[in-house]
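Please go over the structures that come below.
First chain A sits with chain B, and in the next complex the same chain sits with chain C.
So, the complex of A and B:
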């Protein structure tokens, strides 16, 4: 009997769709009802009861500066498959328990989805695109405040201030998101028990920014192409009890920046072709950088005088040998570079990075006594270096051959008596 | 024209020039191929790019300054220049001839090196020689060929020319940078930044390096302290200024060389 009533209710609500005013439909719907929405609806819609809104080629357009949709002081809400157009905020969720907001496409707004004081919220498969304005004039893709148990996944976010901004959240799982061309990919502030995995951050100012957090894990993320003036792949500031593992951090100005960190473990990550792979200042001696792979970085590590503990990492510029066959180098690896230390103290020195004079200086550094105890890895890993063989490029080889022959002919002809 | 041909022929016949050609090609190819095999492909400023650039800035100025200056000094020392003066050849043509012959000879060396890189790189799946890198190579040949002519004119003998060339090379490549770094330990950061900006314009090595990073869109590698400088040189006006200063680095040494050699002739 209950089933029949529910089915009747469903068909009744369905028949109302698209014709009546959407806010009226929401107000008139029974708690727990499902409304199927089609077409474009202008206004500032408000949900204050358990409800499911399913869009079928539907658009919510905000009027004025208010959000297109506000979900306030309720529970069990599902918003699925809407295009949202707003001047300021697309969707605002306040004091809600248990909600799913999925398949939202928002563009040209200030903030995509904003969340306050809510619990058990899933934000997934949303696509948020900001504007080309300066970061200072943009808002965040997903702005999450003072909430608990959030699940944020498979979102595509671009051209916003911070892709996913997380402040005072207890328990959040952020995974499989992609954030590009923004200020920070994911920005954690005062939020504990966060897990960030399988995300991709590209061409932001900083990929993953974690500030004032106690208890945090980031793993299997990719952070690359962060090469702006202040760019970095991952930055930890005032972070305690955190783990950064199995991430790929490549082609950034600074790969990983650790500032004022306690009990941080950096392990099994790949640092590839960064300008500086690791910068550490005010890091405690319990924190550990171990089992990472450093390949093709201009400068492996730089730090303040406190340094950072390096252990059993692989460095492609390590010159030692493994005579005893224990898979570790017999002599320590020294990441210390005078120039790297100067850069930490005085940013103007950065002009000389990788310049001919500094290259020579770095070679000389290896001979100095100070190099024996700062940024030293006593047990550098020895890994078989795999050459990148990619087959033959016949066109290029032919061009090179022809060019070489022509050069030699010109040389010979030119030098004939 | 005849004089250029003659100079060009002499340059190519020179054993030293041939050795330099082989050495440059060997070192350049070795570094490119080893890095190609060892490092993942990248699109930004990497250790591979830095190696290319440093090799270029280390070797080309050294070879051009020494060979170019000794070529001019040899003419003075052997009195070949005095003989040339009896022909209808002005000092402007002499200076230009020396400059053009040096430029062409080094073009040939660089093309040989690039072609070996392409040839071997082709067997490794292909290497990339960015257009900016080629542009900076060409610019460095022009600038240091002009400078080498001045050094040759200043020197009285080949040995003297070699010594002066080496001093100038080490100053431009290393000593000025080290002096700046030392100054940075006693002055404030903004002062160091300003001195560095001045030095970028006054040191052709730094100018070329800065140009490479600028046009390869990798200038952020220089850090936030140079934001204003980079922003200016990324503008259209900045681009024009860059090319104007680069041309000045060719024309001013050549004009100076002509002035000095004319004065020397009068004194003689």
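So, the complex of A and C:
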């Protein structure tokens, strides 16, 4: 028994001494110094001066409910290459000007990195993995509040509530991040001048959620596989002066949802194989859905009675012709579907999508005058995105060829007998 | 006499056709999705619902989403059949427009908006005394309220 107690005391003392050493090193370092950290350090470390911490196979383990590392009221801080373990929050940054937090690996915690009232902050190449609990019981991967000029890129985030939560931020560039299996991939609230590009969102409830925002651009992102009963690729709620361009939105229950939006431009995006590509509610008539590609969607668009302006998009289910050769159909494309409109009111109706009665209803819609003023594109494109139209999946082609050859061989052998 | 009987019958029938009964319905967390944030209504203790005058039910996972929906559609009490939210104390459906609200960023709600709902001021005061913090509000105070996590 005495041996066990002595061993425990030895490890406890060693651990305390290691953490004391790191905090002591931080406290004793000259402002602007660089500290190389190795091994595991337990405690709740605090930086209040310009400093660079470089990890070499290093781990910061939080004790209790406090963060493993807090950077408070300072400037010019770099934290690079640490594994962080914490019960609640991994790293907290408060009132800091100019910091880089990169190459952090955090897992099984509530919030990976939390930022308050700071400016000129770079969060990059971090890897954050939450738990398998319900979204409501989890925190955000990166939680960013009341800050300005942020650069968030190349982070890998999974199994959290919101991958990147952004509230009251002025000026943020979010790019090349991947967020999967979370509630919202990136969630904007009351944040202006946001630029979101080249990110990948997969298997979340909603890939990109933008709420109460004025001035926003999202481009070249991919949002796909959000096909739970409440899933959507991109959702804009109360958004003004925004552009969504060159994104690929595929295999979602709802591709793009627009609610209460003013002056938004949805252009040059690809909507592929979504259950419903576009849903619009309370969208002003200045907003425009233009030059997009709609391929393989069960329902192209649905809306409230105010509709949304569709112009010069490509629709794979357009049946018109281009007799004058101007690359646009000679008759308008009607996206209106009675059933789609009903689904706006009763989302549970989605379970009847593609049933024979719904298909019949949709055909009838095309031939009735009810639809003539709503969800109509007067200038549908005839040819668009040849890469999709003409593309060959070589693996599938090879497999098909092999199957065909096998069938022929079996057939020939059978016929010889 | 026949005339009076016919008139009485007509009055009864017409009265029956008149008032709609906007009762809250039970929620199903497997199929009910919040109109605004698209989350399923897993935490029913915080759920809300609006019954439109045409009888449509709309479901919300958080009072913030319900208020946003009213703002989105520019609706006031007279424009909807009824609007209900769960009482944070009793779990009963209560009238959104007459409820008392208690806000603090520390209060947990499904969208982390931090606004709890109570049937009356007494209930809300009691909760505030117990928790030690919270700002009392009424429905009018929620107009223009900045929903967010507010860290």
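The rule we apply is simple: the second predicted complex is superposed on the first by the 362 of 417 C-alpha atoms of A that agree within 3 Å, B and C clash if a C-alpha of one lies under 4 Å from a C-alpha of the other, contacts with A are read in each partner's own complex, and residues count from 1 in each chain.
The rule is short, and it goes like this: contacts are C-beta pairs under 8 Å (C-beta built on N, C-alpha and C of every residue); 3 or more make two chains touch, one makes a residue touch a chain.
Everything numeric in this text was worked out from a predicted model, so none of it was measured.
Peer 1: According to the stated criteria, A:296 is in contact with first (chain B), second (chain C), both, or neither; which is it?
Peer 2: In the superposition, A:296 contacts chain B only.
Peer 1: Name the contact category of A:355: first (chain B only), second (chain C only), both, or neither.
Peer 2: first
Peer 1: Return first, second, both or neither, reflecting whether A:230 touches chain B, chain C, both chains, or no partner chain.
Peer 2: Both partners, chain B and chain C.
Peer 1: In the overlay, answer first, second, both or neither for which of chain B and chain C A:76 touches.
Peer 2: neither
Peer 1: Tell me which partner A:346 touches in the superposition: chain B (first), chain C (second), both or neither.
Peer 2: In the superposed model, A:346 contacts both chain B and chain C.
Peer 1: Between chain B (first) and chain C (second), which, if any, makes contact with A:316: first, second, both or neither?
Peer 2: After superposition on chain A, A:316 lies in contact with chain B alone.
Peer 1: Check the contacts made with chain A and report whether chain B or chain C touches more of its residues.
Peer 2: B
Peer 1: Which partner does A:272 contact after superposing on A: first (chain B), second (chain C), both, neither?
Peer 2: First partner only, chain B.
Peer 1: So in the superposed three-chain picture, is A:134 touching just chain B, just chain C, both, or none of them (first/second/both/neither)?
Peer 2: So A:134 only meets chain C here.
Peer 1: Quick check on the superposed pair: does A:393 touch chain B, chain C, both, or neither? Answer first, second, both or neither.
Peer 2: first
Peer 1: Enumerate the residues of chain A that count as touching chain B in its complex and touching chain C in the other.
Peer 2: Correct list for chain A: 229-231, 346-348.
Peer 1: Could you please specify the touching residues of chain A with respect to chain B in the complex?
Peer 2: For chain A paired with chain B, touching residues are 225, 227-231, 250-251, 253, 272-273, 275, 295-298, 316, 339, 342-343, 346-361, 385, 387-404, 406-408, 410-411, 414-416.
Peer 1: Taking the complex as given, what residues does chain C use to touch chain A?
Peer 2: 31, 33-34, 36-40, 42-43, 56, 68, 72-73, 110, 146-151
Peer 1: Mind listing the chain A positions that touch chain C in their complex?
Peer 2: It comes out as residues 114, 116, 134-136, 143, 145, 165, 167-168, 183, 189-190, 205-206, 209, 212, 229-232, 235, 237-238, 257, 259-260, 281-282, 345-348.
Peer 1: If we count contacts the way the header does, which residues on chain B are in touch with chain A in the complex?
Peer 2: Residues of chain B touching chain A: 8-9, 12-13, 21, 36-48, 50, 53-54, 57-58, 108, 111-112, 114-127, 173-174, 177-178, 180-181, 184, 189-190, 192-193, 196, 200, 205-206, 209, 218, 220-227.
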